[in-house]
Each structure stands twice: as C-alpha cells, then as structure tokens.
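Next come the structures, one after another.
One chain, subunit A, links the two complexes that follow: it is found with subunit B in the first and with subunit C in the second.
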Partner chain A sequence: MNYRALNHEDIEVFSEAISAFFLNMTHEPAVVRTAYLLDGTASPLWGDFNGVIDVSGGFRGSITFSAPHGMLSQVLQAIGEREHSVDRCLDVVGEIANMMSGRARRHFGEELAISPPSARLRTVPPAAARATGVPFAIPLRWHAHEANLVVHLDIRR
Partner chain B sequence: MKARLLIVDDSMVIRNLIARQMLDERLPPIDLVGLAGDGEQALAIAMSRKPDFITMDLTMPNMDGEACIERLAEVLPGARIMVVSALSDKTTALRAISKGAHGFLHKPFSEEQLVAALLELMS
Partner chain C sequence: MPLLHTLLRGKYRVLVFAVAAFFLVSVGVYTLNYVLLQSVERDAKSINEGGKLRGYSQQLAKAVLTLSHESAAGEPVQTSQAQISEAYQAFDLALAEVQAFAAASQDGPALELADKLDRQWQPLRDAAIAVLASATPDRDAIDSAVTLSNTRNVRLLQLADDLTHEQERLAGDRTRSMRVLQSGAIAVALLMFAFIVVHVARRLSRSDREAGQARRETTDILRTVREGLFLIDRNGTIGTQRSEHLARVFPHPLAPGENFLVTLAALVTPDTMDSARQYIGLLLNERVKPALLADLNPLQRVQLAQPGGSRPKYLSFSFQPVRGDVGTGITGMLVAVADVSQEVRLERELADAEERARSEVALLLDVLDKDPADVRRFIDDARAKLDGLNAALRDVAPDAGAYLTTVTKVFREVHSIKGEAAALAIGAVATQAHRFEDELGALRQRRTLTGNDLIPVATGIGHMLQELAKIDTVISRLAAFAQPAADAGARGSEMPPGEDGVLQSMQRIQRLALAVAADLDKKLRVETSIPHVGEIPEPVHRLLREGLPQLVRNAVVHGIEAAAERRRAGKHEEGRLRIELARSEDGSLELSVTDDGRGIDVHALRRRLTEDGHRPAEQVAAMSDRDVVATLFAPGVSTAATVSEHAGRGMGLDVVGALARETGARLKLASTPRAYTRFTLQWSPA
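Let's look at the complex of A and B:
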C-alpha cells in the first residue's frame, strides 16, 4: 500500500482548525505559529495533557493536542466550566483533538475515520497504527501558554 | 409545559456546556431529563424519561451516535434529535439526517450558534 506525507495545504487545515476552536469556544484567538517538521533532532514537546485521535480508513497515524495544565484550566474557565480537575483537563484536551480531527475530515473526506479521543497525563497514548512519515508540530500561544498540535499522518495515494 | 431535553456526548465538558446554555433567556423553559456519555446510556435514559429533544454526539464509545439515532427513531419516533459533532463533512450530516436526525451543529460552536440551533430544534 502506497502512502504520501502531508503537504502544505493539508497542514494549513490544521492551523485553521486551531484558530476556529479558540475563537468559537473561548472568544479569544490563539496565535498559531508556523508548522515545522519534528525530525530526529527535535523533541516532541509533549505538555502536561495529551489528547490523541487515531485515524484510519485510507489514512494511518494520529493527531495529538498537547497542552499545559494552565492553558486547559483557562480554556475550561472561558467556556464556563467550574471544575478544573485533572479529569476535566483530560476531557477537554481529548475534545480539542477531536474537533481538530473533525475539521481535517472535512478537508480529506469521509474516508478519514476518526476514533473517540484518548487522553493521558504526562504521557502520550500509543497510536493504533503509526504513520511512517515525519510528524509535523504546529505550535500555538494562547493566554501566555504554549501548546502544540502534532500531526503524524500518512495518506493513501 | 417545559421541553424535555436529553444531552448525549462522551465529553462531560461538552455535556455541561450545553446544559448551562439551557438557562439562556431566549430559549423556552427546558427540563433536563438526563446526561449520557454514549449511545447505550442514551437509549436507556430515553426509554425511561421520554425526552422531546435530544442533542447527540456522533463519535462515542460503546454505541456511536449514528447507531443510537437509528434506534431512537424506532423506539421514540416523536423525539427531535440534533447532532452536535466535530464530524462536519456534508456526507456525515446527510447520513445522520437520513437515520432520523433533525438538525446538525458543528463543533467547535459558539454560545450564539448553540442557542440558535436549539431554538431551531424546538421550533
């Protein structure tokens, strides 16, 4: 089976998804920085909380939203959630990854099958099927907090 | 009489967010009859509490939203169901509507979009 790596247009979809999430849900935009390749020399920059969506159906890999506790507490506050516990942070980091994957599906088409989110504290859940291409990191800043969307995806040709 | 609403989503944060919006003064009085984290829970609550309106996520563990909508259309045909999902492609929306959903709200949504969608569902 032949797969291709993500191109610039594909990556742009994820940057737009980040912007749409923060603007719609918190009414405050995030600063989305330029995506870069997470090659062997760059560390994955995992934050306190990591929400992962596995993708399949002509695609292989995962989409991970990784954020510090401070950012997720402020996101929860912005959307009116009173409880900022570890469980709520795990919930919201998974949901953010889910929303970004959903936006990607609009771009890639319905063949992109998306799993329910899994989320972990200080570790990253293993992907069901790892992509072989080099992952991209899309860094963002919101309320003085730094987070990353890491897209590790192969697309069937 | 208050409108009876069931909220179905595997995210508690999203369930709570929708539940809080029920108090918006633009909406008619709403009685929250249940919160469900997957399709199986939703079916059990729907059978016992008979909601008039249901907000339904699609990507959930155990029983997904599409399968749940199909079952609800059989066992509770009078209930009006609005899909609230990150799966925002047209095919998914049309498939959900063909199974028995009455509306579709894409995540991420603003409070304004949620209230407008609930008003439309309840009109």
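Let's look at the complex of A and C:
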C-alpha cells in the first residue's frame, strides 16, 4: 500500500475546523501560531484534554486536538456556561473533534472512515500511533492560551 | 390501412375475426326479427280479413232480409240496397285479400278454403247485384236473394271460420319456426360473445403474465447489473427506468425528466462537456456508425469535480443509440456508467510504483559513482539544516516580521541544499527543493504572513526529508554491500577530508558547471587550479560544498553569454570559467571563481531593483554603484528574467554571503562589464 506525504491542504482542513469552532462559539477565532514536524512518534503534546478522531479506509492515523484546562474553562465562560467541570471540558474537545470529523469527511470524501470522536483526559494515555509518516504539530492561540493540533496521518495515493 | 393490416396480422387476428362474426350474427338476428315481425303483421292482417268476411256476410244477410220486409211492406228500400251494395263490395275486397294471402302462403288447405269461399260467395253476390239492379227490385229477385242468403250465409260463416283457423295455424307454425331460428341465432351470437370474452380474458391474462414476467426480469436486471444504466431521449431528457447501481455510481440523483447534459455539465470541465456534446451529436447522426466513434468518447474515463480535496472519482460513460420502431430512426441513447476510480487508482499506483522503481534505480546510479561518504555528509548536513529550520518554525514568535524572517531563512537553506544536491547530481532532491522554492517564493511575495502560511513551509520540509530518506535508504543498502571492502580499507574512510576531498569537490563542481551550461545551451570550458594547499579546515570544506555550487551556477547562468552573443562581442564562443583554490604566503586560503562573461551591468541592476520593487526609485538613484552591486547578496535580488531550476530565485549569492559570514571569510567581488566577474573568498590563517 502506497501512502503519499501530507499536503498543506490536508492539514489546513483541521486547523480551519478548530478556528471555525472558536469563532462560532466565542466570536473570536483561534489563530494558528506556526506549524512544524514533531520528532518521533511519541505524543509530547498530549494535553489536559484531548479530542481524538481515528481514521481508516484508504487513510491511516489520527488527528488530535489537545488543549489546557485554562483555555477550555475560558471557552466555557465565553459561551455562558457556569459549570467548568472536567466533563464539560471533555464535551468541548469532543465537539471540536466532531467538527474536525465533519470537515474531514467533506475534504477527503466518503472513502474516509472515521471513528466516533473521543474525548480523553491527560491521564488516559494516547493510543499507539498507526501512521508511519511524520506527525505535524500546529499550535493554535486563543486569548493567552495555546492548544495543539497534531495531524498524524497517512493518505493512500 | 396500416392499422387494419397490423390488426389482421398481429396477435389480435382471432379476436378481430370473432368480433366481426359476432357482428354479422347480430345483424342476422336483427334481420330475422324484422322479417318475423313482417310475417306476423301479414298473418294478423290475413286473419283480420278472414274475420271481416264473417261480418260482411252477416251484414249482407241482414240487409237482404230487411229489404225483403221493406219491399213487402211497400216501404222504401234504398237504404237496404245501399247496405247490400256496401256489404258485397266489402266482402269482395276482403275475399280478394284472403285469396291473395292464401296464394302467398302456398298453403293447400287455405287455398282450398279460399276457393270454396269464392264458390259459395259468387251466387249470393250475383243475387245481391240483381236486387240492386233497380230502385224497386221485383219480388223474385228479392226472394231469390233471401233464399241464397239464408242458405249460404251459414256456409260462408263456417268457411270464413275455417279459413281464419287455418290462417291462425299457419301463422302459429311460422312464428314457432321463426322463434326457433331466432333462438338459434341468439344462441350462436351468445356463444360467439362468450368465445370473445373467454378469448380476450385468456389473451389478457397471458399478456399480463408475460408483461409481469418481463417486468420482473427487467427489474432483476436493473437491480443486479453492476453498471449505472438509464435512457435519455435525443434532447438528453432522462427516462423513468434506471439500474439501482446508478445511485451508487453517479454522485447526483438523476430524476426522470431532468436533462442529463445539464447535470453532467456541473461535474466535468467545460472542454470535456463541449467534446461530450459533439460526440453525442455524432452518435445521434444516422449516417455515422457508432463503432467508428468508440475511440472518440471523451467520457470514456472522466474525472468528476469533487467537493474539497476528496479523492478524485473517475467514471466511464458509454452511449448506445436506441432505435424505435421501423422507420423512426434513433430515438435516444442507452447510457451506461461505471465507476472506474479503483481501476484508475490501481493504474496510477502501478505507474507510481514503476516511477519510484525507476527513480530509485536512477538514484542508485546517481549515487554509485559518488563517494558514499560525500552523499552521507550531504544527507546529514541537509537533515541538520532541515531540523534547524523545523526548530525555527517551532519557536517562531507569533509576529509577521518573524514569520518573514523564518521563511527567508528556510528559502536560503533550501536553496543551499538544492545547490549542493545539484553539485552531487542528486536530481530528486534538487527538483523537490525547486518545487519548495516555488511555494516559499510565493509566500515571500505576500504583504503580511500569518501562522497559517507556515503550514506549507512545514509540509515542504516534510517532503524534503522524505526525499532525503529515500537516498539514505539507497546509501544504507550500498553501505551494506560495501561493508567487507570498507572493513578492508577502513583506514582511508576514517581520515578527514584532505586535498583528495577538495579534488573530488572540484570535479563535481566541474560537472555541475558543464551540466548547467548544457541545459542553457551555452559552450563552456572549466579550468580548476588547486596547487598544493595543505590541510583544508572544515569551514572551507563547508563553503566548497555549499557555497561553491552557488558561485559556479551564478557564473554560468548570469556571467557566461550564449555562443552567438559572445561571437557578436568578439569573444571566443566557448566561455571560460576558472576556479582557483590557493594558499598565500601568509597562510591564508583564497578561493576565486572567475568567468569571462558579460560582467555586472550596474545600470541594468539599478533598473531591476526598481522594477521588481526591491527599492524605491529615488533610493536606488541615490545609491552608489558599490551599494547597488552589494544588493546582489541580499535575498530575492536576481538579474534573471525568469525563474528556472538554475537561476532567478535571487538566493544564490545570499547563501554565499551567509556562508562567508558563518565561515569567517572575506568576500570580494570584481567585475568589468563585458569582460569578466570574479568572486573571491579569503580565509585568514587560524
């Protein structure tokens, strides 16, 4: 099976989904700070809260949105939520994963099989990487906080 | 007429004959009824006339008796005579009618009775006429009439009764016959009607069964076939029937009545659509054979527009003209659609695999004639540079200025890697770097950069690393093969690069210069001069690897003119490039690259600085020639008209300048227009 290297469009679809989420929910977009390649296959950017989608069907790998607790608390505050519990924070990253899932399906087509988005705490270790390509990290800033999008994906030619 | 002909020859033939026969029988029954009614009417009239005979006979007898009494009493007899006259004439008429009926019926007894009646009647009639002969008939005539009346009246009454009975019998016989005949005809008509009903019912039932079977089979075919099938008319309007597979193949629902061509136009390029319309027009032309057009089908393998960047979908359309009944010509098309995406993908994968195999072989051949240590060093250096760039990306401050600085840094390093890869003749990396430079160049033209703009920078670095990994694999395989030999001569490989390494670098540079000249269709002679220079420090080696290719490329591209231009300038058409590495008496090392080309045209460079927007016109005008020439070492300044793999980025001298700074070299530039250009790098002794 031959997999091609990721193009910037393949990554932008996810960063744009996250920006759109922040814009819709808080009226302030999350801004991409930069993009770089992550060393190795470990997940050094696994944060307090992580929204994950796993993909298959001509694709292989996962896309993870990791955010610190402070950022998510402020997001909940911005959308008028009084309760800033762990469950509510997990809901936010789960919703972002869901949005990435929808955009990904539109971008990559029906052949992309996506697992139900999942929301995990830092204490739950990330699953072993399935993609063999180099993962890309895209730090995003919202207010003073920084979250990370990690796209670790192989796309069949 | 064609309709009748069709009916008489088709499956409705029996039915048509049966209906026609039923119609004829019905007409027969009606005719029979009519005849029967006529006969009954005639018989009734005949019977009626028989009855009248009795009345007239009685009337005559009564009138004769009355006349006799009146005559005897001497009373006037005219009234009685008138009654007698009326009675006998009426009897005559009635008798004539009865005789005519009897003659018409050809019935013997009736004829005989009519004849007897006539014979009985004639004497009485004569006697009555005699009484009427004078106004005062004589007594004898009266008595004779009375006597005949008395004697014959009863007989006449009896005969009239008998005749009436006979006529009634005849009428009854005829009526019964007619009824039997009528019943028979009605029975036949009913039978024929029943036949028609049964026949039609059976025919309809069979037709229903056949239609049902045909429908089921058609449905099965349309449900099972692995192609999208549907019909369009000559205008492209979609029919009502289609295969189930169509919904799986075609990305849009094709509703009956929609125009297929309109739907298709939204999915393919305008050029393809124009070709498709022309092709379908040809197929609808009766005079063109479809077999001749098969290869012209522009929709044989067509890529559909897909939303976003999703994987391309390829469909194959085939069209078969559909002909209606004889004489109606082509009425539409059967369209068959198949999804050939997988097939196309497999073909491409195969082609990619072949291309990869070819490029790996080419890579292998490229690497084979080089010192693996040089290639290994190049890979390590390039990786180190890319890792450094990646770290710069990771740590960049969120600021447009910092983004531009980072992009420029990436550009410079990638250009350097490209130059080194070209010097080593590793085309795959040079090409990838060139593509990456295209993207970086576009980014540098932006007014402001955002974090989003660094995503293509990161993916570009990823692509470069991927290319390096391929070469690494090849080198590793070669190293595995060469291990025994390497073990045997391990001493040499462990030595730091000395003059031999410089010599090899020079040979590579020479090849690079000749290759660039050949690409640009220029004639070139390369001279190298490397007297004994002793040990070469690593910074100088680095410049030889990374900077010298840039200087040489710069000289060949910008300095050396094309042969024709050189001839016009009175020069030898073969350009001369001289590379010297020498150590001076004070121990300093000097590298110079000299070409006998067109030199640096300061005026042209000034113009270029303004036209390309590097500097405002006023600022350029205020700059000294020295400052103008110094801009050649700034990123993005180039005198090349277009960007090619060899020039136009404006990064080569920027790389050299940066390397000179990093390696502690003094960089000098000397040039005379239309004569020569010389770059010199000088390292003081440590």
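By our rule, the second predicted complex is superposed on the first by the 147 of 157 C-alpha atoms of A that agree within 3 Å, B and C clash if a C-alpha of one lies under 4 Å from a C-alpha of the other, contacts with A are read in each partner's own complex, and residues count from 1 in each chain.
As a convention for this text, a contact is a pair of C-beta atoms (placed from the backbone, for glycine too) under 8 Å apart; a residue touches a chain by one contact, two chains touch by 3 or more.
Just so you know, these numbers come straight off a predicted model, no measurement behind them.
Room for both subunit B and subunit C is found when the two structures are superposed via subunit A, with no clash between them. By the touch criterion defined above, A:Val150 reaches neither subunit B nor subunit C. By the touch criterion defined above, A:Ala67 reaches neither subunit B nor subunit C. Legend: residue contacts after superposition of the two complexes on their common chain; A:Ala5 is shown touching subunit C, with no touch to subunit B. After the chain A superposition, the centres of subunit B and subunit C are separated by 60° when viewed from the C-alpha centre of subunit A, nearest 10. Legend: residue contacts after superposition of the two complexes on their common chain; A:Ala119 is shown touching neither subunit B nor subunit C. Of the two partner chains, subunit B is the only one that A:Ala20 touches; subunit C does not reach it.
By the touch criterion stated above, A:Leu37 is placed in contact with subunit C alone, subunit B being left untouched. By the touch criterion defined above, A:Ala131 lies against neither subunit B nor subunit C after alignment on the C-alpha atoms of chain A.
Once chain A of one complex is fitted onto chain A of the other, the partner contacts of A:Ile79 are limited to subunit B, with no touch recorded for subunit C.
Of the two partner chains, subunit B is the only one that A:Arg88 touches; subunit C does not reach it.
No C-alpha atom of subunit B lies closer than 7 Å to any C-alpha atom of subunit C in the overlay.
Comparing which residues of subunit A touch subunit B with which touch subunit C, the overlap comprises 106, 109-110. Subunit C contributes residues 306-311, 313, 345, 348-349, 352-353, 390-391, 393-394, 396, 398, 450-452, 454-459, 461-463, 465-466 to its touches with subunit A in the complex. Here subunit A touches subunit C in the complex through residues 2, 5-13, 15, 31-37, 58, 106-112, 133-134, 136-139, 141, 157, going by the rule given at the top.
Against subunit A, the residues of subunit B that register as touching in their complex are 10-14, 16-17, 20, 59-61, 85-89, 91-92, 106-110, 113. Of all residues in subunit A, only 20-21, 24-25, 27, 76, 79-81, 87-88, 91-92, 94-95, 98-103, 105-106, 109-110, 114-116 touch subunit B in the complex they form.
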